[in-house]
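Below is one structure; the comments refer to it alone.
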Amino acid sequence: MELSDFTNALEKILLGTARKIMLTPGERERTAYHESGHALLGMLQPAGDPVRKISIIPRGRALGATFQSPESDRYGFEAGYLRGRIIGALGGRAAEEIVYNEITTGAESDLEQVTRIARQMVGRWGMSEAVGPVSVLPGPLDEPLLFPGVGDRSSERTRELVDSEVRRIVDECYNQALAQLRTHRDQLEALAHALLEHETLDELDAYRFAGLAPPEQLALRPAARTAART
Amino acid sequence: MELSDFTNALEKILLGTARKIMLTPGERERTAYHESGHALLGMLQPAGDPVRKISIIPRGRALGATFQSPESDRYGFEAGYLRGRIIGALGGRAAEEIVYNEITTGAESDLEQVTRIARQMVGRWGMSEAVGPVSVLPGPLDEPLLFPGVGDRSSERTRELVDSEVRRIVDECYNQALAQLRTHRDQLEALAHALLEHETLDELDAYRFAGLAPPEQLALRPAARTAART
Amino acid sequence: MELSDFTNALEKILLGTARKIMLTPGERERTAYHESGHALLGMLQPAGDPVRKISIIPRGRALGATFQSPESDRYGFEAGYLRGRIIGALGGRAAEEIVYNEITTGAESDLEQVTRIARQMVGRWGMSEAVGPVSVLPGPLDEPLLFPGVGDRSSERTRELVDSEVRRIVDECYNQALAQLRTHRDQLEALAHALLEHETLDELDAYRFAGLAPPEQLALRPAARTAART
Amino acid sequence: MELSDFTNALEKILLGTARKIMLTPGERERTAYHESGHALLGMLQPAGDPVRKISIIPRGRALGATFQSPESDRYGFEAGYLRGRIIGALGGRAAEEIVYNEITTGAESDLEQVTRIARQMVGRWGMSEAVGPVSVLPGPLDEPLLFPGVGDRSSERTRELVDSEVRRIVDECYNQALAQLRTHRDQLEALAHALLEHETLDELDAYRFAGLAPPEQLALRPAARTAART
Amino acid sequence: MELSDFTNALEKILLGTARKIMLTPGERERTAYHESGHALLGMLQPAGDPVRKISIIPRGRALGATFQSPESDRYGFEAGYLRGRIIGALGGRAAEEIVYNEITTGAESDLEQVTRIARQMVGRWGMSEAVGPVSVLPGPLDEPLLFPGVGDRSSERTRELVDSEVRRIVDECYNQALAQLRTHRDQLEALAHALLEHETLDELDAYRFAGLAPPEQLALRPAARTAART
Amino acid sequence: MELSDFTNALEKILLGTARKIMLTPGERERTAYHESGHALLGMLQPAGDPVRKISIIPRGRALGATFQSPESDRYGFEAGYLRGRIIGALGGRAAEEIVYNEITTGAESDLEQVTRIARQMVGRWGMSEAVGPVSVLPGPLDEPLLFPGVGDRSSERTRELVDSEVRRIVDECYNQALAQLRTHRDQLEALAHALLEHETLDELDAYRFAGLAPPEQLALRPAARTAART
């Protein structure tokens, strides 16, 4: 079995079989820009995981997908890496805003993912100076009455602080996403057009169409992370 | 089976069989203006779905209905389109206010729908600048203690912000609904009178009586959305 | 079966059989004024449903009852009509305050009904300008986590607004109830004395003793609404 | 069976059989003052129910008891009558404060009863001008999500208002209880000493030792209300 | 069976059998001061229950214990007596602070007991002037929706008042505990050293080593209350 | 069985068998600094438990581990000892910040532990002057409605106070952790390099490589506490 067979099989498991649905040309184009936004920002983050594949073939609930995965398993993530992931996840929405000057519902799951990462940075991983190195979110095993040690029963002021820190991080990342896409607008266009033509781009093509050098290849063990667009 | 048979069958499934109830002439007239308000505003929104049918024959709990459906399945909605849907859904109440200068309980489900859309625009789809591109409503799968990533335990300040943004969007849309109906008062009257005479208007008649050009026809696959009036 | 048989049967179903309890003369008199307050205000509201019967024969938990029902089934209620119902429901308490200058526990269920109507006017039917045309009460089918569209998780500020609007509406209606009963004090006395003498007054007698013209009779289909007094 | 047999049987049902426990002389004296405070204030309220019996024989959890019951069944209570009941229920504590200048845990259930009455006056019976004629406590049948009409989800400001009105009513009543007992200190002493001597006082003796005229006797149907002291 | 047999049996039931655990000399000394703090303050409170036994033999989860019990069953407690109990319960911690100038986790259950008493003084027994003679804690039988009479749904302001009154009472008592132990430091030392030498002190020895006259003996019915130290 | 066999067996029970996972050199180095931070600070706290073993062999979910255990069982902990444990638990994160100037998700469970200890210091063990010697966290057995004595229904102000005291304690400890590691940077480097070379360091080696005198040996009963790093 060749590697491409393997990744194809993996894709099916992760996203379901390709689905025959009829997108309007406008929707197909918007999907191409949305995925290109994810992919281009994914490629541009210094510490980001390599982009493995981009596709605008609808699968399951998603109209398109961008795969990224690290060269090898990772244990522990730096704050900078997590910001890069937030920037990448906001890339779909940022591309739509830049290209169409209009926002759609298509980024719903991106925003959920982004918020989830940012809330954990602030409330569980001590990555906000304003909140400090304390845990203020209840943990998975927190039984509030039995072990009220951590985030349960946080005061309103703490919840407000978490909300505003989450907002700050996401806003900063979104501004970076917009700025980077504007700086690399030509590459966004090139990638989107390539995607509209080829529907699916493999790793090397993705970097090539974006005019970027692919990351040095190490062991290629594909553990996929998807930034799907419904 | 002709298309009209199909849409008739669909209507029964969606709204139940026509119900023999005795409306007073006043209630019948108010229903006609209410549905005409929905329909006329539905037709007037630039990006809106075509109006397929208007009816003041009581069905199930509803005294009348306005059907709108897109030319083809849609995947992802722009903020502008959603505002148009809010405007249309408020059209029944706006028509009653303009014509009778009195508000009734008949718009209860319209207001629920309107609030639901606006809350998701603000809290799930990132369409309010004040709230930003974060998710602040719990998602369908959010198990608050296990995955506290998103909207769970939002601070009071965030909830206040969501409420006031929802209010702002709905107010803006309601003012637009009132303004558009006042501008097109003659067309509202024409549509309501046609409805009182014919009880049910098909797509072409609806646009004709409203004095508007029907949208260009594409594939006619009726997926109905109802703005029912109880 | 004559109509009176029918309404008698209906009364038994709605209020239970007449109960043999021994009221003191004072309690009987207070009940007469309480029911007369409901009935007279019911008759005086311009858009109100006709008063069908008044009684001070204890039934079930109630010491007396005032029946009102529309000429025919109604679908949708105007804000003005709902205010009239609040005024009528407050009539029992208002009469006690005017006649005895003392308030009793007897209006408990009236106040519940009044609050329920006012809260829905404000939070579900968009009848408060301060709250606007949004739904801020959870609907009967609202599953907060699955469909957080509407009233769930309203902010404290919104709840405060709802409370103060409810208070405003009820206060305005109560002041109107007091003012109307004071203006029509003679009619209140006449009605109460007739009730003490006859125990039960039918529609025509009720209007006659109150010195008011009965509403024009249309189809007489009795669907009873009760303002009971425990 | 004589009436005294009847009331004795009733006492057993209501309070349990007399219990052989050994009170210290100090505890017995305090109980006598506590019950005398209840009884004397009960006798002094203009609209109060007659005092039927006072006892310092421990029964069940109670060290003593004061029975009051109306001449006949009552339906609906005036605000003034309810204030009188609060004053009487606070009489035990007020007597202890006046006589011993010390407060004990013995009034726990009195305070619960007092708070319960005051909260319903304010939140259910419309007897506070500050809260107005609205229901702000959830009713026994209120299913918050299905019928959010009444007190559910009251705003914090409303809850604060209820708390402060409850506090105001109870404070006013307690001050009246203290003032009346101070004015009638001799009668309090007489009653307490009679109680220490006789252990149980029937209606006529109770009024006689307190130097008060008994209320005119009407039908004597004893429905007991207890102000027990643990 | 002699009395000492009886109290030994009672001890086993209450605290479990003596446990063979190896305390360091430092821990054993700290335990001796902790129990001596409880015991000495227990002896010094004017209205306090006599101290029956002190022990630093570990039993169950406790490293030591101080028994106090009244001369006879008591019914109702004065506010002053309850303050005395709080002072005694804080005596262990106060002794540790005075002797070692360091606080340990060993007073956890003392603080729970202290808080529990103070909260009930404030919220259930009307012993705080700031809160007044009202019940603001839910009672054991309070079913909030059915009987919302008492402490359920207290406003935030009331909860704040309860918290600050609890804090005031406990602070006042703790300052008294510190002051009394400082005044009687020699007696604390004497008691702790006696305890280190004898491990268990009976009533007469306890008072003798503390240099205090034992309370006059009345009926000796031991109902134990423990101030255990883990 | 030699002691080392015993501790090896214990390790397996506590952390699971060593796991064969492939860390990148960077991750392995970061783990070494993280564990060295825990260990060095553990050794430096005056009242701390001796460090028994340090390891960067992944086990279960942990990439490394530092074992500390007291010379003998302890009963009751001083506030100073608890602060030392917080400092030690923050040592992993502090080392990463000093060495890499970047924070990672690897300290998640450290922060949970730190917060848990600090919250109990403040809310259960009376170790915050601002909160005082009261219990403000619900205990494990607190059934809020039945025994509302302690931390249940704490006011918002109290929760805010707890949060800010927790924050203060953790911040102070973190600053100490940073300061101590900066002062002992050479020792941190030495320990980390030794760990990278040997993978596991026993007690004597750990102290020797850190250039510190091992604590005097008493009975060596290993009860392990781990500061694992995932």
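Order as written gives the chain letters A, B, C, D, E and F; numbering starts at 1 within each chain.
By definition in this document, contacts are C-beta pairs under 8 Å (C-beta built on N, C-alpha and C of every residue); 3 or more make two chains touch, one makes a residue touch a chain.
Everything quoted here is computed from the prediction, not taken from an experiment.
Student: Going by the contact rule set out at the top, which chains touch both chain A and chain C?
Tutor: Chains touching both chain A and chain C: B.
Student: In contact with chain A and with chain B at once: which chains are those? Just list them.
Tutor: none
Student: Going only through chains that touch each other, how many steps at minimum separate chain A from chain D?
Tutor: The fewest touching-chain steps linking chain A to chain D number 3.
Student: Measuring between mean CA coordinates, which chain is farthest from chain B?
Tutor: Relative to chain B, the chain whose C-alpha centre sits farthest away is E.
Student: Using only Cα atoms, superpose chain B on chain F and state the rotation angle in degrees, rounded to the nearest 5.
Tutor: So the copies are related by a turn of 120 degrees.
Student: Which chain's mean C-alpha position is the greatest distance from chain A's?
Tutor: Result for the farthest chain: D.
Student: Counting only Cα atoms for the centres, state how far chain B is from chain E in Å.
Tutor: For chain B versus chain E, the centre distance works out to 68 Å.
Student: Let me have the rounded angstrom distance from the C-alpha centre of chain A over to the C-alpha centre of chain E, please.
Tutor: Chain centroid spacing, chain A to chain E, equals 58 Å.
Student: Provide the list of chain D residues touching at least two other chains, using ranges where the numbers run on.
Tutor: Within chain D, residues 120, 151, 154, 156 contact more than one other chain.
Student: For the protein chains shown, what form does their contact graph take: line, ring, star, complete or other?
Tutor: Shape of the chain contacts: a ring, since each chain touches exactly two and the loop closes.
Student: Going round the ring from chain B and on to chain C first, in what order do the chains come?
Tutor: Ring order, starting at chain B and heading to chain C first: B, C, D, E, F, A.
Student: Residue numbers of chain E touching chain D in their complex, please.
Tutor: 72-80, 82, 120, 124-127, 132-136, 139, 145-151, 153-158
Student: Help me check something: in the complex, which residues belonging to chain A touch chain B?
Tutor: Listed in rising order, the residues are 21-24, 27, 30, 63, 90, 93, 100, 102-108, 111-112, 114-120, 123, 137-138, 140, 142, 151, 154, 156, 159-160, 162-163, 166-167, 170-171, 174, 229-230.
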